[in-house]
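Two complexes follow with chain A in common, the first pairing it with chain B and the second with chain C.
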Partner chain A sequence: MSAYLLRRIGTSIIVLIGISIFMYLLLHSVFPSPARIALGLRANQAQIDAFNKEHGFDRPVFEQYLTYINGLVHGNLGYSYAENQTVASLFQERLARSIYLSGISLIFAIAIAIPLGIFQAVRRNSLGDNVATSAAFILYSMPSFFLGLILIQVFALSFPILGFEASQSTSIWTVIGDWHDMLLPILTLTLITVANFSRYMRSSSIDVLAQDYIKVARAKGLPERLVLSRHMVRNASLPMVTLIGLFLPALLAGNLVTETLFNYPGLGLLFFNSLGKEDYPVLLAYTLIGAVFVVLGNFVADIALTVADPRIRLA
Partner chain B sequence: MTRFGTKYIGGLALAVAGITALAACSSSNSSSSTPTNTNTTPGVTTEPGSIGGIPAAGTASGTAGNITYGYLAGNAPNWILPIIPAADNSVYNSFVFGWQLWRPTWFTWNGSSPAVNDSMSPANAPTSSNGGKTFTMTFKNWKWSDGQPVGAADMAFTLDIIKAALKESPANWANYVPGYFPDTLTSMSTPDASTLVLNMAKPVNPTWLEEDIIDIGMMPAHAWAKASANGPTLDYTVPANAKKIWDFLNAQSKSVNTYATNPLWQVVYGPYKLTAYNATTGSFTMSPNTAYSGPHANPMSTFTGVPFTSDAAQFNAIKSGSVDVAAIPAADNPQIPALKGEGYNYYGLPAWGDYFAAFNFKDTTGDFNNIASQLYFRQAMQHLEDQPGQIKAFLNGYGDPLSGPIGAYPQSPFLPANGKTVLYPFSISTATDLLKAHGWTINANGTDVCSSAGTGANQCGSGIPAGTKLAFNLIYNAVSPITQEVEDLASNAKAAGINITLSASNFNFMIQNYIDPASPANINKWAMEDFGGESFSTYPTSFGLFNTGGSGQIGDYSDPKADALINASISSPNPSAVMDELSYLDTTVPVLWQPLRDHVYAWKTNISATTPKAFENLTQYDPTPEFWYVTK
Partner chain C sequence: MAAPNASLPPLDITRAPEGGEVGAVQSGWRLALREFVRNRLAVTGVGILLFFVVFCFLGPYFYHTNLLTVSLINAHDPPGAGHPLGADVNGFDVLGELMKGGQAALEVGFFAAFVAITIGALVGAVAGLAGGIVDTVLMRIVDIFLSIPFLFVVLILAAKYGASVLSLSLVIGGFSWQVPARLVRGEVLTIRERDFVLAARTAGTGSWRLIRKHLLPNSLGVMIVNVTFQVADAILAVAYIGFLGFGLHYPNLDWGDMISDGVGYMQDGYWWLIYPVGVCIVLTVMALNFIGDALRDSLDVRLRRR
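The block that comes next holds the complex of A and B.
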């Protein structure tokens, strides 16, 4: 196990270095310097040269990359010339908000999707299954921005009972307590995620119900409630572990579309705004952190699988 | 050159001291083909070219409130020092944010008129003497919030710190162009506390200097001339001290989290003091400066800026009634008439500036450089631009035709006579006649061919060999309504036998790759491009944009006569010089002019102002909340 962990950490570092090089070169090949964007159309050459010198864009790309990595290693994510703040402080201000929005939505989605999927599997082809399947397909095929717009129109404008935008408070505790403004973005993310997760759960549960050990349990006269709770749920939930692990990047990196739609100052919205301003330090840091979360999510999912299913051994 | 620097407002970018990009966005309603506002309700203020109306001032039943102001998408203020670096130069940092704290020496706009509003300016109208080399400023008896007088020393301090900032980096002041102010400033003197005399090495147009170059907020010499928070007051005329002061103030301005708590920023002479600032969202609250010396409502309301990072969120805020004053996103213009029923007034005019597609005068592909250099070709292209049709079809009617660097609306005192009408109106037949008359064989829906090479009056022109085809590319910023406009142009051009190949791109990529002086390697990759447009200073010289070698050049337009006229605009004391420049550029079509788009603002019906100008200037991103009050 420890050998596996070491090997996995080593490959993760290599993957992250590769991603950082790729992202750095990609950004710099498309836009060697953001000076024109940052300074405006009328910026003269002297101003552009000064900007490039100040931010190091006049140096060879590889040298810039090494400087950037050196900063990262020392905990310096860079300085955002578009926001006039360090990238670390920009992330720090927004991270908790993004984790809250994505996390609470994920918790709700899991709490709804797992029982719903089981119900649909057990009552396959019943009216309830068909209704839930139809609803899931509608939500699954619906872009989150479209669902969000509908919810805003209905619950914030036509019947103004909820806020049209997410909480703007700087205090995460105020945000958490502000159900009036947070309900719609949470609902948007939850519904989309439930549609996704419940389909997996239903399919997985159907597979498990067809397994021999379920038949044996039933043949032995075990009550159906115990068959489902003791033998089916845990096994059927295994694919969900992987799915939730892959959801981790979104959990931490924020939801770009939902945050933008609801004017929610999280990491996703920061990334969206930074794209328009070509704010390299923010874009690079966000992408790298996203990559870290993807690697981490997969890693956590693998570990969680071994815990959930003793048959799986990591080597 | 302009007042504007670059920041984005949806697809539209504005700047505060140079030209900027006006991309995407549009508008709808009446001001295009029927530029006279038809609103005749008694007491309602309208202007030619406007839409909506400003109701007469309401009864001020003594109510000040907290008036919220919504920004267009994603441009939270992030700079507070009145000396604004090029990288932080935006209408939000200056007009919306900084100017509430430190008013510029001469306040522009005057309502929706692109001119100085004298009563709102802390300085009197300047005088020019010594053949334009001496510029004298006198200051009114305004007070800083700590009771000190605002005067010549403050302006001299500001200019000395600007010089120190520029010594460190030319990017430290957005208005700076090497070789011009303050490089040309040879000396300053303060004959008395309220008079500052600037002596220049060469003549400068006083209006250009007044409205464009040193139209900046002043800094308090008595409070900011120090190198640390608790340090002693320094002699800022000593360059070494000025550098220390700049370094200190610059660092403080970068500390965005301390904007509302730093004592430096509490010394103001504008109508407001900053009381809260959220560095994450960019929202802020300003309370009235009780020592403010300029005109204002009494009592003044609190002013709260609320940024919306998406157009949808902003319009939802309007529809839900949760913001008092906000711009209408262009995509929502069709819903403007309904706002009346939802408790809002609205008013719109084109934002000051222009929209155009640029010609590349250096692109040798297919001899396009030689083709674009022909005036008849550019005139023919302008005849193919169906501005009335585009305004109706793509802007929902909310726009005005444009035929030169500045439009007819809002009305500028510098608008030349030939700028009041479209010189080259839409007419495919006129375009083909022009081409035929210059040696081209027309192949409608095919490709025109030069059949008479030469430089004669009825020949194709210099450098265009026989057999040359009228076929070239146009790269455009793929947002609405630019996409629709260039497709319309290409369709009209095809009918005239001009084959335009459209190629979609995006704003950021275009301005980094398809600007000739900045990207010489790509000179032959584009013949025309349309990224949107640019904003102008209220003194509307196109210095920088159309003068040979100008820092804002796009396709390397070069015309000796235009150069001479532009130079006169910035150096001659003659007030009509800039009109001569504009009049000439109207005729020469240096770029393909496209319709202006109305910028529409909505405010709740329970918000009124002591002057309609306080709502008119919203259309130019220039809020003056000190005049607003709540009526019920």
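The block that comes next holds the complex of A and C.
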């Protein structure tokens, strides 16, 4: 077990180093320096060169990379000239809101997907199962913004029950309390996530139902609901552990499309705005941190699965 | 003693000795095709896909619209006389735009999938065949690319370089090759232990020829399934990129672009700017997913037992 853990950590570190180099080189080649943004469009070459020299953008790429990583490790994520703030403070403003949106969608999605998957497996090929499978199929063939638009049309425009723009409040507590505005973005994210999760939940539940210990439990005379709640839920939920670990990057990087659609001032919308403004420091910090969280999410998913499933541990 | 073979009738493999018919020997591909055709969803999917190909590429020859000259007098016409699906903000006919956007979506979808499978198959085959340090290094590279947050990087590159079908395909394909690489590597690892590969090697076949003639053709099943899903994912990716505003622009257009233009007019009730496009995207991706699922079921013998 600890050998596996060490190997996993080693792999993750190699991947982290590799991905940071790749992402830095990629972004550096696309946006070599923020001089144009900082000095304005009418700056001449001499001013740009002076700016580059002053802020170290004319050094060899690898040296810039090392300086940047050094800064990153010490909490200095760079400075955004377009927003006139440090990147770290920009992230900090929006972190709580993004975590809230993605987090609550994840919780709802798990709460719906697990019972739904089990129901689909137990009532396999019934009308309910077929309806749910078709709905899930349509949902994951759909771009998430289209689902959002349909929900906006139905719940905010045709029958004005909910708001079509997410809460703009800067206080996280106001945002949490504002169901009228937040329900649609949360619903959009939740439905898309449920569509993905329930496929895996369904097939894993079908696998578990075929196991011998379920037969034994039923043969013992255990009421069906106890069979399901005591034996099935825990065993069928194992792939969810992996899926949640893979969801971690979305949780922290902010859900880009949903936030843009509903104009929710989170990390995703920050990325979108920075892209339009070519705000290179924000984009660089964003993609690097996003990549770090993908690696972390994979690692956590692997470790959690090993912890949750003794069969892997003892194999 | 008479010659032992003289009295025996010639061997007839189409008849069993006890009587009754013996079916003709069928190759694996034939069997897979029969399995595929029996799947109604798959046939529906193929039908929908063919419909869209014909609609998008041949449609403009029969249904002429002007998508270049702005005509504000027609702006936002609801579906009616001259425009079966209405007109958009510039007076362009929505049905004509659907055709043109569909061309872009399908072109990018298939080309991106082609790029992804080409890179992926090469990397996977080389890694699987070579083994050892080459395999480890290549798989670490695959891990690195798998950890790249796809949408963010693709958006950044599309924002800078993405104004054409070619660059969009390269960008999307260039970050989608990791899964086919893993799949092909897995297949190659199995295939290279087989006797015909050992025979070929003994005969002195070089590595590249081995990959080209033996390893890749036998991994074709896995590759075909993956390509189908790649096209579906690429079409979705183009939709996302277009919706966020970094796709094709005037005089070209794509489906995501159409939706992003239409979103601003939702409150005015101009539904024809959004829903027809969205339905087209969903139908195309669904069709490809049906086909991919059916291909996976028919080409993967293990799953057939369920």
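Remarks
Heads up, the rule we're going with is that the second predicted complex is superposed on the first by the 282 of 315 C-alpha atoms of A that agree within 3 Å, B and C clash if a C-alpha of one lies under 4 Å from a C-alpha of the other, contacts with A are read in each partner's own complex, and residues count from 1 in each chain.
The definition used in the following text is that a residue touches a chain if its C-beta (ideal position, glycine included) is under 8 Å from a C-beta of that chain, and two chains touch if they have at least 3 such contacts.
Here the structure is a predicted model, which means the values were calculated and not measured.
Contact with chain C, but none with chain B, is seen for A:Thr287 once the two complexes are overlaid on the shared chain. Judged by the touch definition given at the top, the superposed model places A:Leu149 against both chain B and chain C.
In the superposition on chain A, A:Ala43 makes contact with chain B only, while chain C stays out of contact range. Applying the stated contact rule after C-alpha superposition, one finds that A:Val257 touches chain C and leaves chain B untouched. In the superposed model, A:Leu27 lies in contact with chain C only, and not with chain B. Looking at the shared chain after the overlay, A:Phe272 reaches both chain B and chain C. In the superposition on chain A, A:Gln168 makes contact with chain B only, not with chain C. Once chain A of one complex is fitted onto chain A of the other, the partner contacts of A:Glu83 are limited to chain B, with no touch recorded for chain C. Touch criterion met: A:Ile138 reaches chain C, while chain B stays clear of it. Shared contact residues on chain A (touching chain B in one structure, chain C in the other): 30-31, 149, 152, 157, 260-261, 272, 276, 278. Residue ranges of chain A in contact with chain B, taken from their complex: 30-31, 33, 36-48, 50-51, 54, 81-85, 89, 93-94, 149, 152, 156-157, 160, 164-165, 168, 170, 260-263, 265, 269, 272-273, 276-278.
For chain C in complex with chain A, the touching residues are 140-141, 143-144, 147-149, 151-153, 155-157, 159-160, 232, 236, 239-240, 243-246, 256, 259, 263, 266-267, 269, 271, 274, 278, 281-282, 285-286, 289. Here chain A touches chain C in the complex through residues 11, 14-15, 18-19, 22-23, 26-27, 30-31, 137-138, 140-143, 145-146, 149-150, 152-153, 157, 249, 253, 256-257, 260-261, 271-272, 275-276, 278, 283, 286-287, 290-291, 294-295, 298, going by the rule given at the top.
Of all the residues in chain B, the ones that touch chain A in their complex are 1-2, 5-6, 8, 15, 17-21, 74, 78-79, 86-89, 169-172, 174, 176-178, 253-254, 256-257, 278-281, 283, 306, 308-310, 312-313, 316-317, 319-320, 322, 508-509, 511-512, 515, 517-518, 534, 544-545, 551-552, 554.
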